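Same chain, two partners: subunit A is paired with subunit B first, then with subunit C.
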Partner chain A sequence: MDIDKIYRYSNGFCEHLKVVHKDITLEKFLSNAGLGDGFGATLFTRLYNSVMSEAENMEDLYERFYKQEYDCFSTFIGSKFAIPDKSLTLLMNGMNESDNFTLIYYDALHYGMTDVDELIYGEDYEEKFTKLFLLSL
Partner chain B sequence: MRALRKWTKHDVDWESRKYRERLLDLAEYIENPKGKERCNSDIELLEYYKEELRKDQEVWSIIEESLLANITSILQDTNRQIEEIKRYLEQCAVSQKALTDSVQRLLDLQLRRNIVSGKYLEDTYLEVDELKDKLRFFVDPFLFYQLSCERASRLNFDNLRWKLSERNEGGFDFDVSTYINGNESLSDFELLYEASRRLSDYLYAKYKELDGGGNTRYFQSRKVNDIRVLNDCLYKRVFLFTSKAGQGKTNLLCDLTKNVLMRRGVPAAYLNGYELDVINVEESFSHKMFPTKKYSLDEILTSAKCYCESSHKPFIFIIDGLNENAAPRELKSSIETFLSTVLQYDFVKVIISCRTEYYDLHFSSIGKLFESDTIIKRDINNRLQDDWRKLKELYFGHFSIKCSGITDDIKEAFCNNLLLFRIFCEVNEGRQLHVVHSIAKEPMFSAYCAKMISRVSEELTNEGYSLATESFIVAFLRDVVGKMIQKEEFSNIPLSSIWSEVDSQQREVLNRFLDNNVLVRKDLKPDNSSPFKNSEVVNFTFDEFRDYLVSHYLVDQILNDNKDTFQSMVSRFTDESHFLSEGLTTFLFAYVKRIKEPFALQTIKSQSWYNDVFRLMIWDVDEGDIDGDDLNLIKDYLLACDVRVVRYLTFWGRWDTRRFEKLNISLLLDYLSTLDMNGLQVFFGKAWSDKPENYYHWMAGRRDPSPREQLLEQVGKLLENETHTLANYEQRNLYELVLYMAAIDNQARMLYSDYVSYTGDKEQVENVMSATQCAELKEMAKQWI
Partner chain C sequence: MKIKTDFVTNSSSTCFVLMTKGDLTLTKFLKAAGIDKNSPFQDMFKEIFHMFADNLTPAREFTRIHRWSHGRSYEQFIKEVFSENTWRRVQDAEARGMTVYMGDLHSDNGALECALCTDCFVIDNLNLVIDATNDGW
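Right, the complex of A and B next:
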């Protein structure tokens, strides 16, 4: 079955472009995951920080620093991250699915939790984590 | 206002504190009318106060005198400022408009020139690694200082600290707040440079603190350093990058000019290395910017200062290809003088590109002399293979090429040599290609040579070099190859030997031609007479270009002059001990097959290498040039069950007997019809084994599919659509192959049953039954009638 949207694009070097909810915060993330405190909350806090603590909001980055060079946001993302047209269309479809979604860039190795990709993009949990970052679990 | 304050002081004795506060508030309003929003009652009260003061003539005249004095002082100040501006404008011999026009004109001219010469392929530059961002930070430092600060502030070390505390290894302090200035306080370039340098120093110290501390610290040190490296570009003044010939330096600089500098309004002046006057680089720029007026660079920069300081954009000088200058030794000191001069202007920055080996030999002193101000970037295409899909999209888009696919080994060849990919695209412009599984280099180089010679000739003629006709360039190439063959030295032809035979005008044209790097290039070769001397030599941009041209020279020139010499040279140069043999044999084969010159054909057929090269290269020969001898040789390879030949006859479109009328799958099917059961078993066991190629996985119980399974899967997919029909009628030939395989393989039998039941193609079954020599297959095939 052909997919018509994706919520993440990776260049294979642990660098990701990821669609997330615009208003995501640690509190909302934990609450969406149904976590209060204890070990589960500690683990998910680290997962959240691995993605979000140094994440760059790409729409904001475009508006403030790159708009003069690129006529539209999608061209900027496609050029800056060398994304082939087809993948770019799917990623933009993912982002544009809701006005509440936005696109972030992060390097999974920056926070220092080296196995974070295996956890949140592993076959078993990717869909759940995608929804969690979109606050729609 | 002073009176109001005074009144307030006195009032305190007899009025309530509340009134005093009210009056102080009004005093504040008079001092700063644009402060907080006021209600009408404030204004009414002041009006009333004014009217009261007016009633006292003496008081009012004091107030008026004071006001007049203030206004006069302001006017005098304004006059002084106007005089200062006038003096400044008088110093600016170049008007702002003239400067803006000149910058625009020169950048447009350089872009157009590089587009025409083919050095700049618009919109094909692929942003790999951080190079383009580094250049952005370099050319727009005020803007990107904000980004740098934000990124540094965002760095998070919680996880590191947690890990360190778990191991009792102490903590890690990181606080950039004292190293970050608000943008409003950075009013000029010096302040910006100082602020960004301080931030870099701090980041570098933190990077060193983290560096070498194992995996836990490694990723943290890397992220700190990444920001530091970009931040360095804000305050550095010279950006120097080097790479090999033909790898995209000009493409990058033109992309930067068109899409970054011009769009961001960063003023710049762009010159190619060959346009620099080695006596005076400054004058080269000023003359190019204002060809009809004699402004000094100092006058131009004085004018640029105003714009640069108010817009917070630096002025960028670009020198593309230092190596293209005809006098590198003299240019070295001129460039140093130029940099010393222009870098005195704090708003000036310089970008320089150069071929790596020329930089190392002639210009490395720049990097040393201006070390603290210079960024040096070596090799500009590091990650092409990772971003191949995008690269292909950009190039194919630019050249309007549609392509069904490219095999992995061809992809690797293109990524390792961008110039080869560029040539491939130039030659195939506007075409629709099937899967590219090999590059037919002989016809490709022929087409490329013709296109480039025509383009360079046109470009140079337009520049006023009327000598640069196509025949002049061809004669030059012939001369270079002739010298190689004559001396039997196939590289490093001394330029001096060429210069001795041409006049100064021809020399100028050839120098410009060599600088284009399209077919030939200048190189440096150590001179044996002294360890400190080098001589300039000519080489082909590809060794394969040389092999290609040597093959043409042998056939077109030597053979015409003397057949015996041709024969002996072919034997000598293609002997397996000769370093030319590998490339030359393939080009000779392809060229001779194409032109079908009888003596040349007879000569190469008599060489020991002919059959091996035939087996590799016949697939690149045009169908119209395939003859009966070729088909017989293919049949010999089939008899020997040569796997390469069998697979080439099956794949890459050769199942389509309409597209390939001679060299196609029919040869294989005809051969299969002559085999009995044992013959088929031996043949298929070798050509498409049922054992996986990767035994390790097989032994581990996770085996890869065998070549036979892969073939059957591929052929099976041809029917896997809703209507169960073939997209191309000719694909039924692949099912005929499956039918022969069905004699010895169950999976093939099942696949063929599906094929017959879906398509009802009984005609194929009947034809095979009547043709095959395999009794078992004849019997088995009855089930499908």
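Right, the complex of A and C next:
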């Protein structure tokens, strides 16, 4: 089956470009996951922080520092991360699916749980976590 | 002789102490973990429940037969493998009539168990306490 969009691109070294909702907060993340006080919220708080605490918003970065150097956001992302054209197109399609989506960069080895990638991108739960970060669950 | 030609990985295990007033049930676990009955991650927490519930040995027996026992007493095992805090938690639970079990988590039993095996956490509820502070790499 052909896919026309993706919501994450990884270079295979724990660095990720990830499409997330622009207004995502920890409170919305926990609320959409249906978690009250307790172990569930503690675990998901750590998952959220592992992704978001040191994430850079790539659209902000482009607007502030790279707009004069690259004529469009897509070219900037493709050049900076050496993404193959096909993957870049799919990623941009994912981001442009909604005006409420944006693109972040984070390195999973910088902060938080050691196995966060395996958990949120493992085949069992990836779709749910993808939707949760897009606040569309 | 077999020759393994693909990745050869290390695996590890950690153990936990589970203290429960009465039977350990899914309902009790989900309540202690703060999981809403409509949470889209109910299946994930059910999987976590079974990691614990399907893997319980009465604590005194566990500390006697476990490969880390090395002839240590019940108290010594918990104090040395976990901590003084865990020992106090066990004593308090037994004084309140709770049943104490122990079990193992393994890093090669899937992404979710691996994440918890390498994590350090406590679920602390009036009727259910899970101390996994031995975990964490």
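A few comments on the model shown:
Please note the rule applied: the second predicted complex is superposed on the first by the 136 of 137 C-alpha atoms of A that agree within 3 Å, B and C clash if a C-alpha of one lies under 4 Å from a C-alpha of the other, contacts with A are read in each partner's own complex, and residues count from 1 in each chain.
Just so it is clear, contacts are C-beta pairs under 8 Å (C-beta built on N, C-alpha and C of every residue); 3 or more make two chains touch, one makes a residue touch a chain.
From a predicted model like this one, the values you see are computed outputs, not experimental measurements.
On the superposed subunit A, the two partners subunit B and subunit C both fit, without a clash. In the superposed pair of complexes, A:G34 makes contact with subunit C only, with no contact to subunit B. Once the two complexes are overlaid on the shared chain, A:Y125 sits against subunit C while remaining clear of subunit B.
For the combined model, the angle formed at the CA centre of subunit A by lines to the CA centres of subunit B and subunit C equals 120 degrees after rounding to the nearest 10. With both structures placed on the common chain, the touch criterion links A:L137 to subunit C but leaves subunit B unconnected. Contacts of A:M113 after superposition: both subunit B and subunit C are touched. Residue contacts after overlaying the shared chain place A:E54 against subunit B, while subunit C stays out of touching range. No C-alpha atom of subunit B lies closer than 5 Å to one of subunit C in the superposed arrangement. On subunit A, the patch touched by subunit B and the patch touched by subunit C overlap at residues 46, 113-114.
Taken in their complex, subunit A has these residues touching subunit B: 11-13, 46, 49-50, 53-54, 56, 61, 64-65, 68-69, 78-85, 107, 109-114. Interface of subunit A with subunit C (complex): residues 32-43, 46, 113-116, 118-119, 122, 124-125, 128, 132, 137. Against subunit A, the residues of subunit B that register as touching in their complex are 126-128, 143-144, 146-147, 151, 154-156, 158-160, 163, 215-216, 219-220, 222-223, 259-260, 263-265, 386-387, 389-391, 393. Listed in rising order, the residues of subunit C touching subunit A in the complex are 32-36, 38-42, 44-45, 110-112, 114-115, 118-119, 121, 123, 125, 130, 137.
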